[in-house]
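Pasting a structure here, questions to come.
Chain IDs A, B, C, D and E follow the sequence of writing; residue 1 opens each chain.
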Amino acid sequence: MSGKNGHPQERIGVYVCHCGSNIAGTVDVEQVAQWAASRLQHRGVVIARDYKFMCSSLGQELIEKDIKELGLTRVVVAACSPHLHENTFRTACARAGLNPYLCELVSIREQVSWVHTDRTAATMKAQAIVAGGVERVLHHQPLEPLRVPIHEATLVVGGGIAGIQAALEIADAGYPVYLVEREPSIGGHMAQFDKTFPTLDCAACILTPKMVQVGEHPNITLLTWSEVEKVEGFVGNFTVTVRKKARKVNTDLCTGCGICQEKCPKKVVDEVYEAGLGYRKAVYTPFPQAVPKYPVIDVANCIYFEKGTCKACEKFCPTGAIDFNQQDEILTLQVGNIVLATGYDIFDARRASNYGYGRLANVFTSLEMERMCNAAGPTGGKIVLRDGKTVPKTVGIIHCVGSRDRNFNNYCSVICCMQSLKFAHLVKERTGATVYNFYIDMRTPFKDYDEFYQRVLEEGTLFVRGKVAEVTDAARLPGEEGKLIIQVEDTLIGKQRRIPVDMVILSVGLEPRRDAKEVARKFGIACSANGWFTERHPKLDPVATMTEGIFIAGCAQGPKDIPASVAQGAAAAARVLGKIRQKEITLEPIRASIDESKCSGCRICNGLCPFNAILFHEDRMVSEINPALCQGCGTCVAACPAGAISGTGFSNEQILAQIEGLLLLNLEPQPA
Amino acid sequence: MSHETFEPTIIGFTCNWCSYRAADLAGTSRLKYPPNIRLIRLMCSGRLDPTFVIKALASGADGVLITGCHPGECHYLEQNYKALRRYLLLRRTLAALGIEPQRIKLVWASAAEGAKFATEATAFVEEIRALGPLGWGKSTNGKGLEGILEPSQKGEEVAA
Amino acid sequence: MTSNGKPKFAMYWAASCGGCEIAVLNIHEKILDVDANFEVVFWPVAMDAKYKDVEAMPDGSILLTLFNGGIRNSENEEMAHLLRRKSQILVAFGSCACEGCIPGLANLSPVQEIITTAFHTVSTDNPDGLLPQPEWSAPEGELHIPRLLPRLKTLAEVVEVDYYMPGCPPESHQIAAVIDLVIAALQGKAELPPKGSVIGAGNSTVCDECPRARNVKTITAFRRIQDVAPLDPTLCLLEQGIPCNGPATRSGCNARCPRAGAQCIGCYGPAEGVLDYGARLISAFASVIEAREPEEIERILDGIPDPAGQFYRFNLAGSLLKAARTVWK
Amino acid sequence: MNKYLYYPGCSMETSARAYGLSIAKVASHLGIDLEEIDDWNCCGATEYFSINPIPAYSLIARNLALATHQANGTRTVVAPCSACYLNLAKADYYMAERPALGEKVNEALAAGGLSYAPGTLIIRHLLDVIIHDIGLARIKQFVVRPLYGLRVAPYLGCMVPRPDYYHRWSDHEHPIELDVLLKALGAEVIDFPLKTACCGGHMPHIGPETAFELLRRLISGAVQYQADLMVTVCPMCQLNLDAYQGEMNRYFGTNYRMPIVFFTQLMGLAFGIEAKELGFGLELVSAAKALEKIGVEAPPAAPPARPRKAEGLPMPKPLPKKRALEEEVDS
Amino acid sequence: MTQRITIDPITRLEGHGKIEIFLDEEGNVANAYFQIPELRGFERFCVGRPVEEMPLLTNRICGVCPEAHHMAAAKAADAVYHVDPPPTAKKLRELLYSAFYVTDHTTHFYALGGPDFVMGPDAPVAERNILGVIHKVGLEIGSKVIQARKYGHTVVEMIGGRKVHPCTSIPGGLTKGITEEERRQIEEMGRWAVEFAQFSLKLFNDIVLSNPEYVDLILGDIYTHRTYYIGTVDANNRVNFYDGMVSVVDPNGRRIGKYAPHEYTEWIAEHVEPWTYLKFPYLKKIGWKGFVDGEDSGVYCATPLSRLNAADGMATPRAQEEYERFYATLGGKPVHQRLATHWARLIELLYAAERWVELATDPEITSPHVHNPPTATPTEGVGIVEAPRGTLTHHYWTDERGILTRVNLIVGTTNNYAPISMSIQKAARSLIRKGTVITEGLLNRIEMAFRAYDPCFGCATHSLPGQMPLEVTIRNAAGEIVEVLKRG
C-alpha cells in the first residue's frame, strides 16, 4: 500500500491545540505533540507543537512561520471540528504560500476531549487521530477551487404570494426573473381567500396590487399556464425547459374583455379556484383580477374540442383572439438560480370519512368556506347551506382535520387555529349563528394572534376542547332530527357530548403538493419523508437547499401563514441576489474524474449520479464526468469496479492511509 | 487478551453532512461514549468503498461502524441507499469468510441526532466487546496483518 | 540446448495445475524463439534439469524466471527463495503465483479439515480413519512426506517479485508478447516496465474487450446461468442477471468467456491499482441493484448464493483478508 | 366457475339457517363453488382471547391449517359470518406479525400433526367475493325480478370493515359495497349513517340495557329513513336485531317492526328464486309485508347514485375507490 | 562403502513424486515406496460452491487435462439437475474432447514419453526432451507436432471458449454452438489430424518397433504386470472417451462386468496408506491385497493400454486396423507390458482424430439448440469420462438450490497409483543390485517405469497443490541412507 512505502520528501508540521482547557483538560496535548514528533518522524513529521489556541491569530502565525522557515510541505492541525476551522487553517497555509488543500484539520475536541473522560485513553485516541491525519495528508494534492460564473437571470417556480414576493424583490434589484405558474393566473391560494387573519384585511385588496406589479414589471417574464419539464446544469448555469401550454387564445390580440366567458355555453365545476364550490366556463380566467388577464380554453371540457362544433367564443370575440389550433410551446431558459415556491395542497377531507365530508351535504372544508365568505365567490359572500339559501343557525368548526392525527399527518398545519377563529368571527358577523370551535390545543403565536383569539372569545364563540369523534345525521335524541350531530368528548368537563348543528366547517390541514417528490427529483433537491422540501439547515439556512443555487420559499418548505411565506420569499430573493452579485461562485474542488485509459465502459457508474454528471460516450465506449455537475459525493468512485474513477480530497489513497494511521500501523519502533 | 479486559478497536465512517455533524453535536453537547471508536469523515456514505471496511478489519479493527443520513434525507439525494446495498452484500460476504456480520453495522443519524450517535456508538462498542477480538492483526503492534502471521509462521508446519 | 552465452531462462511450478506450462507450450512456434534466444536451464515439465546446477549457479545468473503456482508447502517456499536468489527477473506467472487462484479457495478451511475430508469420501476404504503422516516408520524404515502450510500464500508473500503476469492461465498471445518484449529489451530495442508492474495484461477490465451490448446498469435480479434461457448472445451478461465478474476483472484475455456466452469468473484478477478484488465487485454489484427496501435488497442478494466464491474465486489468497477466519484461528 | 374454500361457521345450521340456505342457492346461481373445509371447528368468536391468546389463536389456526391441506387450486377462504371472517383473518395476520405467536401456535398445531404458515391463505368475506370476483355487472345480468320499490337500510356491523387488515373495503366508517350491491338488485338504498355502528354484540347477555339502546339507535335510524327492512351480512347482527327487537320494544315502550334479512336472501329474490327456498319466514320479525312491495311492478326508475340539486352549491365528488364502485352499479 | 548418485527433480511428467528404496543386508532391494506429497482439497473447498461452477473450478485441478475435468464435471452437473443436454450439445462436447485427446496424446508422445525412445534412454540428458526430439527428427516434424497441438487447441477454443480451462459447459448443455464456418475449419483440421496420427504411428514403427533393443525393452519382464484393466466402452464395447459404461477385464482378458457412472462405488474403493497423500483405488469386488498383481489382487490399471484391453475394439476403421496389428504383434489380449502403453496411446490418437472428423461432419453439429434449462430440483449425480490418464469420476451432492454439500473425485492417474508403485518396485528390484553401477540411463529407466503411465500428479494430487521433486532415496537395512538418487 502506497501509505507504507512512505514519502520521505514531504516535510510535515503537526499542531496540537489546547483550546484552553477544552482539549487540554482531557487530552495530554504536550504528550500528543512529543509522541508525533518521535513516532511519526520517519513519516515526515519535522515539527510537532502544541499551543493554547491554534485558531488565534498568534496560533496561525506560528504555522505560517514554520511553513516559511522549516519549509513545511504538509500541515496537520489537531483541534476542533473541520466544520468550524478548516477554512481558518487553510487560509493560514495559503498566506504562507502553501496550497490550502495540503492542510488537514483533525478533530480531537468534538471527537475526543468532549466525549471521553479517561485521560490516558483520550490521549491515546488523540495520538491515533493525529497519526491518521499525518498518513492522510501525505496523499493530499494541491487543488484549486472551481470557479463558475453566475447567470444573472433567476427562475421562480410558483406564482403564489411567496413566489410573487421573491420575483418582485429580485426584479426590483434590476435582474431578470422568469416566473412560472401552472394555473392560468398567478395569485395562488391567497387569491382564493376572503379575509386574512388577524387583521381581517381583504386578501384581494393586498394581493392584487402585487400581482399587477408582477404583470407589468419590465424585469419579470411571466409564464402562466406553464410547467417546468426539465432542469439541467448547476448553480450559475441552469438550463430549464418549460412547457407553455396552449391557451388557445392569442394573447397579442386578446383584450381580456371577457365576452368569450359570457358566451361560452359550457358550465364546469371549478375544482381549483372555487374549491369545487362554484362554476366556471370552459373558456375562463379563474377570477376577475387574474394576472395575466387572458383567459384559457379548458380543452377537456370545451364543446368544440368534444364535438367539433360550437365556437361561440370565436364568433363573439371582438378581436378574433381565439385560436383553436394554438399548440404548446417549449421554451428553454438560461438561469443562474432557482427559487421553488410551489405551495401546498389542502388535506382531502373525504379521507376522514367519519366527518362525512362529501356525503353529508352541509359539511364544508375551510377552503370552500373561504370561497363562500368571499364577496366574489359563488354565494357572493353569503354564508348558506349547500341548498344555496338556508342560513345556518348553528355552526360547528372542527380543528386539526388531517393534522396532528396519526391516521393522516402527524404535524401541525400551523394556520388552522387562526383560520378557524377567522371563520368563527365571519360567521358570527354575517349570520349571527351560534358557533362552536372544536379544538385539541389553541395555537396562536406571533404578533396580534392571541389578541384575535381573545376577541373571538368575547364575541361569544363557544370553544369545546376535544377531538371530534364523528359527524352524523343519524338523529337519536329529540331535537337532533334533520341536523348534523357532532359527537365529541368535551375534555374540559370530561363528558361525551352530542351537539346538533346546521353546518360543519372542517379546518383542513396543509399537505405537500401531490407531485412534490417528483418536482424535488426534477430539480435535484431533497424531500422530507412526508414530502416537504428539505432546507439546507433548519435554523441557520432555512431557504437554501442542499443543491447549490436552488432555494425554497413558502409552504413548499412546510406549513406556514402568509407573513411567513412573504418573509421567506424575500429571504430567498436576498440569497439569490447575493449569489448574483458575486458574479462567480467558487466550489469546493472535491470532484470525481475518470481515467479513460482504465475505463472499460461497463456503465456501472452511469446510473449512480443523481446530478447526471456522468455521461457515456458511445463512440469511444467510455464514461466521463462533468466536473461542474459533480457534487463530489464519491459514490461512483466507490462503485467503479475497474478503479478507474478517482476523487479529489477523498481519494482511496487518502482514506486507506488514514485507516492505517488510525490503527497505528506505520509507527517508528518505540525508542528503547 | 482476555475477555474482561478486551478493549476493541473500532473504525467509524461518517458522512460529512449528517452523521459527522451528529458526532460534532454529541461533542458540543458533551455526551460521553467509549474512546474505542475512531472516526473517518467521508463526503457521503455513498463514498464508502467496501475496501475501506475490509482494510480496517484486515489491519486490526475489531469492528466497523458505518453511518449516514437517514433514507430520503441524503445530501446527495439517494446515495445512502447505495451504501445500504453495499453494506448488506458486504455483510453476507464477510459472514461467508467466517467474520460475524455483527462486526459491521450501519446506522442512520441526522445532523440533529447527536444523542443517537453517542448511544449507537456506545452500544456498538459493547456489542463488539461481547464478540471478542477479531484477530486479524493487532492495531498496536505497528505491523498490521503480519502481526498475526508471525505466530502462525513460527508454528508454520501443521501436523497433517 | 548447449550453453552458449545465451541469457538463461527458467520456468518453475510450485502449487499449480500445469496449465501455465501448457499455455507456454501453446505459444507454439514462438517456443522456438525462446530456444533461439535463451538457454533454458531449468524447466521441470519439459526437460530433464539439474537441481544441483541451479544451486551451483551464481546468484542472479538466470535472467528470466517464470514462477507459477502458489506456495502451499515449505518446499515451494524454498524453491521460491532459491530462484529469487538466482534470477535477475522473477515473474509471478499465472493466477496461482499472483493471487492464489482456485487452490486459494482452500484458504476457506483449515488444512486439517481439508485432509480429513479427502480421506473420508464415500469411495474411501478407511475403517481406521488413517491420515497421511509426515513421519511414518515403515517396516523397512522411516518415511517422510512434507507438511503443508496452514494456508496457501502468493509468491509475493514470501519473496520480492519483479513482475506479475496474471491469468489462469496467461493467454498465449500475451506470453508471446512478453517474450518478444524481453527479447527486444535484451537487444536494447525496448524498455522493460518498472519493477512491480503487471505485464502481459490490459490496463482496464474485461468489459473493455467484451463485444456485448451495454446499457446503463440496473439489476433487479441475479440469475444462475443455467436458468437463463435463451441466453441473449449479444447483450451484457450482467444485464441478463448473470453475475459476470467482467467489470472488475483485469483485461487481457480478450473477454474469452463472455464471448463464449459464459460469465467471466475473474481469472485475470483485479484491475490496476485495485487493493481488493472482491470489495470492488461487491461495491459495483450492490451499487446498481434496483431496490431501496432492505427486504427487497436481501431478496435480490439471495440470487448470489455463494458470495465468498463469487467475489474471491481466484483472489482469496491475494485479498486483504487472505483467508477465512477459521484458518487464522 | 370461481372456486373457494368455504368456512360456514356455527350459525349457518342454526340461528342463521336463512343465511346458509340463501348462500347455497345464490352461490350455485352465480357459479361460485364453495368447498367446505373438512372437520372445521369453532372460529373462536368467544371471549377467550381475553383469557389466553395462545389457545384462542390455535383454535382458529387449526381451521386455517386444515384449509391449506385442502387448498387445491385455490388459496381463498370465504367466510359468510363477520365474526368468523374477522377471527380467521386476525389469526392469519397476527401469526405473521408476531413470529413468536406464530411459533407457539404452530407448536400447538403440531400436536395434531398440523401447521400453518401465515400468509398462505387469503381470507375474505362473502360480500367482498361477490362484489369483486363476480362483479356488479354480472350480478345485474342475473337479476330477473328487480327489487324496485323496496327501500332498504344496508347494515354491515363492525367486524367486516374494521380493522380491515388487507385494505379490501372502500371505507372503514362508511363502506358502500353493500349499498351498490343492493342498488344493482334494483332496491332503493338509503344512505344509512349507522351502517357500521354496533349491533350490541354479546351485550344482550351481559348488559341488556346497553344492548337495547344500541339496537334502538339502529332500528329507529332505519325507521327515520323509512326503510322497509334492514339488510345484514352477519348472523350475530341479524340475531341481535331480530331476536331482541321485541324485548327492546318492551323496554322502551316502542313498537318497531323492522324486518332484518340477509343480503343473500334479497339477491336470491332478485334472481327469481322462491322466497321459501331462501329461508324467508325463518325471521322473527316477518318480512312478508315488505316483500309484498316487490310484487308490485311498474317501478320508478332507479334513483341516481347521488341526487344533485339543480340549484344550490355543488357537492364534492366521492373518493376514486368509491366512485369506481358507484359508476359500475350506475352503468 | 556407499556410492551416491542424485536425480532431482523428477521430470517430464505433470506433477511430482518421490521414491524411497530400502535395501536388505545383501544390498538388494527390500522394498520401494512411491510417495505423493500433495493434496489440494478440492473435495473440501468445492463444498458451498454452486454446482454449475464445477466445470470451471475442477478445470484447475489439472491444466494438462482440464478438458477431462470440465467434461466429467459437466456430466455430473447434468446428473445433479436430472437434465439431458440436447444431442448437439453432447456431440459438441465429444468433438471438443476428441480434439483435446489429439493434443494431449501428442504432447505426451513427443514431449514426455517419446524422448526416451526417440533419443534413446541413454542419450545425453540435455537432448532427452522435446527440443531434442525436434532436433533429431527434424524441425519439419517438430513443427508438425506443434501444428497438431495447435489444431487441437483451436478446436477446444472454438467450442470451449478457451484454449486451456474451457468454460462453455453448463448444466443442460453448452452456452453456445458453432457456426458452419467454424465447422468447416474443424473438419479440415480434423482431416489433417488423421494424417498426423498415422504419421506418428509410422514414426513409432520406424524408430521403436524396428529397433530390437526397444522391442526387448517393451516385452521384457521389468515392465510387465498382470493386473485388471478398466476403460469406458460404448454400446458395442468399443473404446469411447466421452460416454458409456466402464468395462472391467481380468488379467486373462475376461470381462467381469460393466458399470454405469452412478454404480462406481459398487466397483471401486480407495485404500489408504499413511505414508502418502494419495489413495490407492482397487476393485472392491476383488479386494485390496497389497502391491501385488494377479487375479486375486484388486489392483487395476486405467491407461490407454487398459482401455484397449478392456474393449473389444475401436469404433473407427483405421484405429481398428491398428488395434488388431497391436495385439497381433504383442501376442494377443491382454497386453500386460506397460511400455506398450506408448503404442496404445498412438492408436487412441488415431481414433480421436477419426472421431473428430466423424463428429465435425455430423449433420446436427451446427444446430443452435445446445441447451436444455434444468427444471428438476438438483440432488446428486455422478459423471465419468475417460481422461487420457485413466477413468475420471466426479460425484456431487447438492442442496435444493444446487449448492454443493459433498464432493468425491477419483482422478485418472490415481487409478494407476498402485500399479505405478509396483512398476517402480519391480524396476528397482531388477535394476539395483549389489555392486550394480547405477548409471544415468538406469535411473531414467526407473522413471520410464512410470512415465509409461504418463502419470499426472497435477491431477492425482487434486487434493492439494504443491511441488515435490522426485528423489530416490536408498537406505540400507539399518535405515541409514545409502544414497539419495536425485535426478541429475
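Heads up, the rule we're going with is that a contact is a pair of C-beta atoms (placed from the backbone, for glycine too) under 8 Å apart; a residue touches a chain by one contact, two chains touch by 3 or more.
Only a predicted model underlies this, so the values are computations on that prediction, with no experimental measurement involved.
Asks: Determine the shortest chain-contact distance, in steps, between subunit C and subunit D.
Replies: So the least number of steps between the two chains is 2.
Asks: Considering only mean CA positions as chain centres, point out the chain farthest from subunit B.
Replies: Measuring from the centre of subunit B, the most distant chain centre belongs to D.
Asks: Of the chains shown, whose Cα mean is nearest the mean of all protein Cα atoms?
Replies: So the chain sitting closest to the middle is B.
Asks: Between which chains do we find the greatest number of C-beta pairs in contact?
Replies: Counting C-beta pairs in contact for each chain pair, the top pair is C-E.
Asks: Taking each chain's centre as the mean of its C-alpha atoms, which one ends up farthest from the centre of subunit E?
Replies: Centroid comparison gives D as the farthest chain from subunit E.
Asks: As a quick test, compute the distance in whole Å between the mean CA positions of subunit D and subunit E.
Replies: Measuring from centre to centre gives 79 Å for this pair.
Asks: Roughly how many whole angstrom separate the Cα centroids of subunit B and subunit E?
Replies: Distance between chain centres: 52 Å.
Asks: Would you kindly tell me how far, in whole Å, the mean C-alpha position of subunit B lies from that of subunit A?
Replies: Computed from C-alpha means, the inter-chain centre distance equals 34 Å.
Asks: In whole angstrom, what separates the CA-based centres of subunit B and subunit D?
Replies: 57
Asks: Check each residue of subunit A and list the ones that touch at least two other chains.
Replies: As it turns out, subunit A has residues touching two or more other chains at 608, 635, 638-639, 652, 656.
Asks: In subunit B, which residues are in touch with two or more of the other chains?
Replies: In subunit B, the residues touching two or more other chains are 49-51, 55, 78, 82, 86, 96, 160.
Asks: Can you list the subunit D residues in contact with two or more other chains?
Replies: Residues of subunit D never touch two or more of the other chains.
Asks: Which residues of subunit A touch subunit C in their complex?
Replies: So the residues of subunit A in touch with subunit C come to 1, 597-608, 616, 621, 635, 638-644, 652, 656.
Asks: Show which residues of subunit C lie in contact with subunit E when the two form their complex.
Replies: 1-2, 12-23, 25-26, 28-29, 31-32, 35, 40, 44-53, 69-70, 72-73, 75-76, 79, 96, 101-103, 105-106, 108-109, 111, 113-115, 117-119, 121-126, 130-133, 136, 138-143, 145-146, 148, 152, 168-169, 172, 224-231, 233, 256-257, 259-262, 265, 267, 305-306, 308-309, 313
Asks: Which of the residues in subunit A end up touching subunit D in this complex?
Replies: Subunit A reaches subunit D through residues 269, 276-279, 348, 350-351, 353-354, 356-359, 361, 378-379, 384, 386-389, 470, 472-476, 481.
Asks: Where on subunit C is subunit A touching in the complex?
Replies: 203-208, 214-218, 238, 246-248, 251, 270-275, 280-281, 283-284, 287-288
Asks: Write out the stretch or stretches of subunit B touching subunit A in their complex.
Replies: These residues of subunit B touch subunit A: 9, 11, 17, 20-21, 23-24, 26-28, 30-35, 38-44, 46-52, 55-56, 59-61, 72-79, 82, 86, 111-112, 118, 139-140, 142-144.
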